[in-house]
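Below are structures written as structure tokens.
In the two complexes below, chain A is the common chain; its partner is chain B in one and chain C in the other.
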Partner chain A sequence: MSLVELLAAALLLLSALVVVRASNAVHAALALIANFLVIAAVYVGLEARFVAMTQVIVYAGAIVVLFLFVIMLLSAAQANVGKDLLPGLQVPAILGSAALAGVLIYALSRFSAPANPGVLNGGLPQALGPLLYGPEKWLYALLLVGFLLLVATIAAVVLVEPERIVPEARKPAAEEKELVER
Partner chain B sequence: MTDPLWMVGIKAFLVVFGLLTAFAYMTLIERRLLARFQVRWGPNRVGPMGLLQPLADAIKSILKEDIVPTKADKVVFVLAPVIAITFALVGFGLIPFGPKGAFFGFDPWVINLDVGILYLFAVSEMAVYGIFLAGWASNSKYSLLGSLRSSAALISYELALGMSLLAPVMLVGSLNLQDIVEWQDKHVWLILPMFPAFVLFTIASMAEAARTPFDLPEAEQELVGGYSTEYASIKWALFQMAEYVHLITASALIPTIYLGGWKMPGFIPDIPYLWMFLKIALFLFFFIWIRATWFRLRYDQLMRFGWGRLFPAALVWFLVVAFYVALNGGKA
Partner chain C sequence: MITLYILGAASTVLTLLGFFVPARVTRWLATGSVAASIVYLFFTWGQRQTAFGGLYVVDPISQGFTLVALLGVLWALLVGRSEKWEFSLLLLYAATGMHFMASSPNLPVLLIALEVFSLPLYVLATWRRDEPGFEAGLKYFLLGALSAAIFLYGIALHFGATGSFNAGVQGSGPLYAAALLLILGALAFKVSLVPFHWWTPDVYQGSPTTVSLMMATAVKAAGFAALVRVLNVQDQGLWGLGLGALIALTVIFGNLGALAQRESKRLLAYSSIAHAGYVGLGLYSGTGTAAIGFYLLAYLLSTGLAFAVLAAISQGDVPYERLRGLLYRKPLLGVAMGVGLLSLAGLPPFAGFWGKLLVFLEAAKAQQWGLLVLALLTSAVAAYYYLRLFNLVVARGEATEAAIPAPGAGTPVLAGQSAGGLSLATGRLAAWPLVIASALVVLLGILPGLGYRLFSPTPFAALSRPASTAPATLPATFAITSPSDGAELRAGEFSLQGTGRAGETLEVWDSGSRIAEVRVDERGGWSLVLPSLPGVGEHTYQVRRPGEGEGPSVRVRIVE
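On to the complex of A and B.
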């Protein structure tokens, strides 16, 4: 392990810890961005450059922006203003995550990586394209992901604006019911 | 062959220093040009032709009292301008100003990435955070609304920006800026086959640099000035710097991708640096011209134009070029 790798690992763990422990949600989101940036650097170090750039663009650049929009619009930066609804859960949670980490470390210690395939050409998009769009590889998975994104878009619209999506036929009925109740 | 690490460091420092000087004089040139457009003189008192005006502004800015609002989130408040300027500066190093070894035996760029265009995107996405966090950290509803508005606009136009770049990238078959310049030297300037993409990219990068007609983020009359309301002194100057550096980067990227970079066609000799600087100046002049002569879009018009016109147009052009490239067996 080189010094850079150790440093990256330490930064990853530290920023992840801040994400979980920070009392201010915006600070947690900022730590998450730092985590994604370090992970992108690790990807570059592992010769996965396209994935590294996508990591920054999509995760750090789009998803956390969405998180932050929600946090800021709901003024939810200070989350722990109310009572602790589930007291005494901290110790079991720490024990549970420690157990999970133990299992993963045990599994990884018995795992030996296959010899470096070395066909990805530094993880450039030119090398990944034929794999992604090749019918014998990931094409159908890619199409399914496209369908999933379509569903996600529609679901997001419906969830945010339910009253506009309700079919016209059902509206008079609801009004009648309201009249009856009056 | 790549440059040794110490040379990369020196070049990075030179680029940062050069960009900050360029920013300072950009403000002067912009004020002078705007004045000329409006048939007046502009700043001409400090130094000959007003050449010391940027220096005077900088000294004033540094000596001003640097106020941090009492109820602001101190860490994020300081961090936001740093993020804005950092991610504005790091994008410029990719742009090639000449052939290999044109910088006293070294390469005339700071870094040369195989995934150059993706890197530029990543960097400009991250630059949004500067605006975003500034508005929140100020702990003022006006700043927050201003910053949410600006970042929503920036993110929306980023999509059109990316979509409009896909078409030329497909034609060239590389994400590397040097490859794109070489391809244009061998074939034809990309502005000719890719004119729609060029127009879309120029419009989108105007929005990215928050210039007229898309400069709502800093509309003085609106939301008391947006995200930078609570900032004073050098922190405010850093936001201004970031914005101008974005503008300079955009003015350098457009010629690199669409106008042959530092090369000229035909019998005109390829002079490193010179043509590139001239092309950058041309686009900077064009952007200032637009600012002097055009109105500002309202926020709803801004978003409708970005999502309803620019993005679909970029998508359609991308599909047309994709069909062409695919029918030619993946080659241009």
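On to the complex of A and C.
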């Protein structure tokens, strides 16, 4: 591991810890952005440049900005206004995370990656495009993602849509039915 | 393919059409398209098809589980009617997602499908817009997002360990075991196996009963479709132990939890947890797909009956006392509830009995004796709480006043009054699905072969092509992991690498001529430095078992 890689790993862990531990939600979201920027740099180092760019644009530029909108609209920056409902949970949570990390580190340490991953062409969109849109490759998955985004849009709209006025004529009928049922 | 087109086209068209037509029309169009898909499924039953380079597969698993899922959605569409047309649309989206889920062996596609049918469900869970509804939606969403993340991580590790995104690829080593356990955990959340079940009682209770009906039936079918594909590996290894622990916990906790309930919807939630455990028994034997399919169909019919009756009484809570004497007040509802409960309890001559018998036989085939005894014992416990409810339904007497919550106090229960405006379908429309389902439960109880043959691949084996010619069904226990298919490489700068069963010898072929033999090492991997430099141009490297004519291959381009 080179010095830069060590630095990136340390930054990743540090920013992730801040995301989890910060008591101010805005600080946590900003640390998340820092995390995404570092991980984008790591992607570049791993020859996945297009993914790195999308990581910055979509995750840091769009998703976390939505987070920040919500946090600020709801004035929810200070999460600790209520009381901690589960005070005894911190130690088990730390132990659980450590156990999960231990198991995964063990599994990864017993595994040797293929020596030659093949030519990656720097992970540029020129190399990814044929994979994504080629009929024999991931086209189907891409179409499904498109469908998923449509579903997500409609679901979000339905979720936040204010109540419609239910026609008055129908209400008594429903209540009457309920009475008969009893 | 046509099922996919019908569902996909109907949901996208209705998205816009719903703005211009009344909610009633949207509901009928959605119902019609789901029904059309089911009819089409029957017409093409047993045919195999792969498309999009193996990402979309029509096979007995796809057809059987799609059938159960679509029937569940169809029933929810028939029972639930909302003032808002988006209700039918979201159900239709969910149906489409479940078809995606049942019809792909590809793990990333499974994840996308999982999200496609989960997102509408999160919204539907909050449909009542009261406090239990919001709680249900929030819990379901947070835990669902977490399980999707676990699934994704499992997929990444699976790719790392086997070099393949396909479910059912054999691998070895701790990384592979970790990957399968993560995937198992995430899917166990969807089918609510203990200890991934915590959301189930709250969500089923907080959601409108119509939505709970669909969650209990269709979502389980989609989840088990993915589980059947993922766990279709010969070597059970660590995940076998993990699955055994999940099933044991599930049948114990589900049934004991149900004993302590005082409210019908919550009881059915715990019962659905317990039944997921019984279905899981079928996963142990490689031939259990038909038994799982039949069990899910029987479970769909019986639990659907129970939920549909509860939905006809109220979309909110239904305390036990409210069911007292239902048989005399509403004979149709009473009979349907009785048939459903007896079938859930696993009593002959109802479909539920045969479902249980079939999965128990599969567990016996796989020699899981401990689990089998545990399942039998807990079935006896389950009979107690089902029969207690059955007893209430046929008991003489009126529902006590205290059992009927006053409107506005606590949770609103009056249909049509809750803010989301989910009113009930009543009259003949609600009646005939109940009649048909009751008749089917009895019919399948007397002639179980009718249902079992539907899910068994054997009767259609003569009609369809042999399995070995369909690439998607090939037992992919060995593979080439590097270089990737379609890569451009320089001669001499790469070596072939792959996976296989530890210790076996594989042949490597280059465009039709055998170039070398490799031995798989004890960790299930092999590597080959090409004996001679390949010429410039297209090369198809294929790996085969000695004596077999086919095997996985990669096509690479050698450049200067």
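Assume the second predicted complex is superposed on the first by the 161 of 182 C-alpha atoms of A that agree within 3 Å, B and C clash if a C-alpha of one lies under 4 Å from a C-alpha of the other, contacts with A are read in each partner's own complex, and residues count from 1 in each chain.
The rule is simple: contacts are C-beta pairs under 8 Å (C-beta built on N, C-alpha and C of every residue); 3 or more make two chains touch, one makes a residue touch a chain.
Bear in mind that the values here come from a model prediction, so they are computed numbers and not experimental data.
Enquirer: Return first, second, both or neither, reflecting whether A:V91 touches chain B, chain C, both chains, or no partner chain.
Expert: The answer is neither, since A:V91 touches no partner chain.
Enquirer: When both complexes are superposed, which of chain B and chain C contacts more residues belonging to chain A?
Expert: C
Enquirer: Of the partners chain B and chain C, which touch A:L139 in the superposed model: first, second, both, neither?
Expert: After superposing on A, A:L139 lies in contact with chain C but is clear of chain B.
Enquirer: Classify the contacts of A:P125 with the two partner chains as first (chain B alone), second (chain C alone), both, or neither.
Expert: In the superposition, A:P125 contacts chain B only.
Enquirer: Show which residues of chain A both chain B and chain C reach, each in its own complex.
Expert: Touching chain B in the first complex and chain C in the second, no residue of chain A appears in both lists.
Enquirer: So in the complex, the part of chain B that touches chain A is made up of which residues?
Expert: That would be residues 73, 75-76, 79, 113-115, 118-119, 121-122, 125-126, 128-129, 132-133, 135-136, 144, 148, 151-152, 155, 173-175 of chain B.
Enquirer: Quick one: which bits of chain C touch chain A in the complex? Just the residue numbers, please.
Expert: By the definition above, chain C touches chain A via 8, 12, 15, 51-53, 55-56, 83-84, 86, 89-90, 93, 96-97, 100, 106, 108-109, 112-113, 115-116, 119-120, 122-123, 126, 129, 157, 160-161, 163, 173-175, 177-178, 313-314, 330, 399, 404, 414-417, 419-421, 423-424, 426, 481-484, 486-490, 493-495, 497, 527.
Enquirer: Looking at the complex, which residues from chain A come into contact with chain C?
Expert: Interface residues on chain A, with respect to chain C: 103-104, 106-108, 110-111, 113-119, 121, 130-131, 135-141, 144-145, 147-148, 150-152, 154-155, 158-159, 163-164, 166, 170-171, 173-175, 177-178, 181-182.
Enquirer: Write out the stretch or stretches of chain A touching chain B in their complex.
Expert: 24, 26-27, 30, 33, 40, 49-50, 53-54, 56-57, 60-62, 65, 68-69, 72-73, 77, 122, 124-126
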